[in-house]
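What follows are several structures.
Look at the two complexes coming up: subunit A is in both, with subunit B in one and subunit C in the other.
Up next, the complex of A and B:
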């Protein structure tokens, strides 16, 4: 085995470019202290957008990588409008000192995600994943004057370390059982070719390794039982970082999961024992994730915590796609992630705007927006409606695909038919808690002293674009099918 | 691209567009809205005249609204352009145009939102045209509900007046009762005939059991009972007189209430008369006859000029329905057509009188109007002559046609018709004598002046139509019926009987009311009069038994189920449960790192067991 010969340097060109940009920014931070930090945010975001453009138009379009790059760019850009809070929470007052890395580190993490999309063996997978995770630890605890941020950083570090440990342990088992780090169906085939009878130890050991590797991926995407870090860290971390964790980092998790699951594709057919085990495992994880995410979200009053539970719930819907392991799996996951990313990022922009001007991250701070900022309120409504899955938004389309996937899977494995009612009920719950925000905006009176919001330029543009994209992508398939 | 064959769609598109513009853009510009509505009515009328004069544009396109893999289940929107439809369109657009014109004078100085009024008229023109031109029952039903809606809007135009708002509601709800049956009938038709298209229904009735046919036809007839205000659903029409008088003329006299008759005749033409079984015919004719009789009786003791005309409309509609039940569709449509002109005339005349008497509607407070507004009164008298069927006026020919048909089929209906004719003569002469002769009994009538040009012109045109429209040379070309041909008139039993009832009516009226000298109704004050004034207590019965008893009881039951079962147990119970469960799940998220790692660890062990244990 030769890890280096598996890859070409070209594959990692976007990742290198982003790392280079990050290095330049950090140098600039040290050498050009006069340069306003907003410029850092702008340059970093542009770098990500350029990278995503090349990923999208490249010879091998890298859809998931593209989503991650755009998401990273948008979460850096979110910091552009968030500088006031950044300065207050990092250096105190309006001092910009020491805030430079906050804009550079996401670029490094994004480079990790991009190299992750190229990984075809466990070593590359692990290294890329740790690049993301290590940057995220720093980012989560970056607001050192904010107790919540420090707590989030510590919790993320401890729980992340546990997940890394599990991942490394799983990798070791993997190597021990099959003698290679490569991922591919020939490896899976070697491990379980003779079935249980021929080499029981090998097969069982291989599955234990797989389970632990899955757990590592589940940690990133926030699927049960590795979701525990999400609410606390999302609530406590700086909002731009939360946006990054909720979208880019989750995308990375799904890239890992796809890479781990796809080698099993030939075995995930009706009648296969290992297929049945895998599907049951995914169905249970999806079901439990859906229940925990949606149930937990119901009583939340803090919008970042709500969005945390929401991200768990949405991960549950994406997990359903993994019940059909086939070639279109990555596309479906990508579609869902796109709908989720557009709506969630826009939501975080709104949260950041409200936090900056009203000083609160509670849902109550959104009260009265329907009266004072009708246009902004409408855009936010579109995003939350899409998260809930209201027809004519993209959220509806992708949720429908998820239901279709569940029904298709039931055709192959009738035993998992309990999943469909769980999905229906939890989707209905989604309406309850997403509409809490909409209700606050339109049906509740603004708290005294809360004036109309001034919508910053970037926030305005991003909110509008995301809402328009959600509506366009949600209605276009209908128009196309009407002919 | 040659779209000329789609020209007839303008009949629907034009008024709909105008209604939308009036409603959405012109609410502050009533004059512009009125002009637009008038132009759209004139446009459709012109188009209609052009088609009747022989314009050919080919078959209009069919729009498939709801495609379906089964052809007969598709919902098509198509237009029928046969003489029955096109000549009916002439009546609708012609009277519509005159009413639009009349409205400009009538509504002048009204403080309500006139754009809303004209938008309502336009949307009515659209809906009525939809019914007339519909190529299938589904489209008829769409128009059917739309006229109900526009009628609701226009009756309740002065919605600040409680009685108008109530009347609008009553009309709408009563119609819904009939429409429910109509909908059932449409579904039964689809089931038994296998199609809703009028063009495909022919000849299919032979293969259907008579009992099923009867049920289907009676259900469809329910729609007509509601829309054409037949007994027992006649109660809404007199109340509908709360609307502006031009609306009463257009909707509640000439066109919409005749839609039921039109629909029945359309069915008779397309299904063939064999589809109308003996039982069904008997039911239809009896309902018509009962309506004709009770409405005429009730009209005898009304004092409101519009209500007298409303009961008269009911009674004449009864005639038409009776004719349909006697399988004399031709006579029914003939009467519909003459009635439309002279009843519109009577209503518009009444409208002119009401405006000129400063919104006084009680005939006992009028009097002596023949001296103050001779032109209006003259036109009104022309309408009266047509209505009471004086030979030579249009109403005479059509009533004669119905009486002929009744005598040929079933003499009972013939004598009923003759009796109603006598009553009609009596109550119309009572109206004319009291309102026009003698001297003014109130200030309003004292200061009455002749109506202005916009009101007089439609009256004159309609008066001319009321006189001449029954003669063969006009009727043959204009009566909405395929291949209508006026009978040669001959002396015979029907003629002598109707002359007799005319004479009886005139003599009685003159004997009781004299020549306008009376100031009080000599027939009033006894229990019969009281019963008639109270509409034979039918409305009160509905209020007490149906609404007060059954409906309220049912409503209480539903309310109990709703508040206890659905809201209490199902909604709140589930909500309570879910929220509690949510608390439980978020309680796991207590913030303690050790708890988190424990949960993750246990989860991981379960995951490993799940995947690997079974090996």
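Up next, the complex of A and C:
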């Protein structure tokens, strides 16, 4: 089976539609310079929402793609209220020139994520992944008058290109060992036996190639030791881009990881050497990611950097699901990502609002919000409480699923029982640093000169919807199971 | 006829030089050249494997298709990278990676 006959055109219809919309926006940017750039943000976001609706109601619901599309739409919409900062950091002053692509590029990246969800072979996987990363490099370095943004762009590009190099070298060796780019059970099955010739050299080569592919996926999700780029890039990149990287790009990483792991499902049973190796690797990566993410987050004072380390920590909890490779893996990962996406996007809306009006991204800028904006402060509290995993929020439910997954995995592999205490301790650490923001809002006095925030319409709607969804999805399963 | 192993050794050497350069060198332009070398290593391996996996002298073209994609993506990456380097040089008057120190814990 060759690459072209694996796919049909209509699988990629949503991706094509988004690329078309992005092309139209870029043309409009060149031909209609008078059109305000806020319209671009609005059209782009609507395009993403429409695409996510069709993904959700389509004949084969694509849940992860749907989350990515909604997240992209919301991060474009975030730029809607952020236009003032965008203009200052791109062209200087209130000049809107050259800011159009900032709203069109996330659409291209989103198209990459949507085609990634359809990928059944490594060529499609690699090309879609590069569509996402190349647009993200531009977006991360887009604020060219801002030192932090340029630095974030260069750091992201160098480390990202290095991980691409490793991934693509792994792809070459994968092809060399099995003679095809397909990711299927039977391909993996024959390869681990050493191919038709049953040669151990081929089997080892195949495992090394797979390890390189996993390294590429770990980079995208920010699992240790490939997480080094996350704090710097999240802090330096423009806030809408950071929101995109934290949610949509991370979803893409998990799509890749699922696509790479699922062919190994028949081996992930007790008694298999390959399964033991794989599960131990995942357990180690998950444990180290949890420790590094949570330890790093504790001493942060910059909110974007804190959310960066938080995203590393949350990736650690999602990694735990990969200890049970079975058919519900994708659903569990999707659930966790949904809880993470709702809370994180809302948090970034709050960060953007505070940055626009108080000019700072430090946690100290949140001081006194509890008094001056009680309603907004409550919504932000719900989001951070959900990230920490307070009961009655969705964050608690999904964290519980993660613990259940760890306990189930321990039934099969007794050797990884050290992971459970690590999870308990790191989850407790999470309470400390997420509540730093909540404490700043309620228990600390506002800095002199900081007035009450004017909540923009978009930010207000998104914050309310996200907080409501987090509470609803966190309480509904309990009510259903009781009544 | 040159055996497959020679191509693979060449690609392994290219990949190692590239990876070592990315990790060691301080000048970002040199780092970019090393990144390109890593992608080239994959291209060499792919084209060699496409020959080796073929039957009766007909290579498996899938691998060569991927190597074309890699070349295209490498070009796009360099375009973005050089643009960022120009922006960095304008802002800091240097292209050393040691100057990238404004974001830290």
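Observations, loosely collected:
Throughout what follows, the second predicted complex is superposed on the first by the 477 of 483 C-alpha atoms of A that agree within 3 Å, B and C clash if a C-alpha of one lies under 4 Å from a C-alpha of the other, contacts with A are read in each partner's own complex, and residues count from 1 in each chain.
We adopt the following convention: contacts are C-beta pairs under 8 Å (C-beta built on N, C-alpha and C of every residue); 3 or more make two chains touch, one makes a residue touch a chain.
On a predicted model such as this, the values are computed, not experimentally measured, just so you know.
When both complexes are overlaid on subunit A, subunit B and subunit C end up sitting side by side without clashing. Look at A:284: by the touch rule set out above, it reaches subunit B but stays clear of subunit C. After overlaying the two complexes on the shared chain, residue contacts for A:123 are found with subunit C alone; subunit B is out of touch.
In the superposition on chain A, contact is made by A:203 with subunit B only, not with subunit C.
Judged by the touch definition given at the top, the superposed model places A:150 against subunit C, while subunit B stays out of reach.
Legend: residue contacts after superposition of the two complexes on their common chain; A:175 is shown touching subunit C, with no touch to subunit B. When the two complexes are overlaid on their common chain A, residue A:264 makes contact with neither subunit B nor subunit C. In the superposition on chain A, A:40 makes contact with neither subunit B nor subunit C. By the document's definition of touching, of the two partners only subunit B reaches A:211; subunit C does not. Within the superposed three-chain model, A:434 lies out of touch with both subunit B and subunit C [touch as defined at top].
Closest C-alpha contact of subunit B with subunit C, superposed model: 5 Å. Within subunit A, the residues touched by subunit B in the first complex and by subunit C in the second are 154-155, 158, 162, 166, 231-232, 296, 299-300. Within the complex formed with subunit C, the residues of subunit A that make contact are 2-3, 122-123, 126-127, 130, 134, 137-138, 141, 144, 147-148, 150-155, 157-158, 161-162, 164-166, 168-169, 171-173, 175-176, 179-181, 231-232, 235-236, 296, 299-300, 305. Residue ranges of subunit A in contact with subunit B, taken from their complex: 154-155, 158-159, 162-163, 166, 196, 200, 203-204, 207-208, 210-212, 214-215, 224-226, 228-229, 231-232, 273, 277-278, 280-281, 284-285, 291-292, 295-300, 429. The touching residues of subunit C, when paired with subunit A in their complex, are 8, 11, 15, 18-19, 22, 28, 31-32, 35, 38-39, 41-43, 45-46, 48-50, 52-53, 60-63, 65-66, 69-70, 73, 76-77, 80-81, 83-85, 87-88, 91-92, 97, 100, 102-105. Those residues of subunit B lying in contact with subunit A across their complex are 578-579, 581-586, 588-589, 591, 593, 596-597, 599-600, 602-604, 606-608, 610-612, 614-615.
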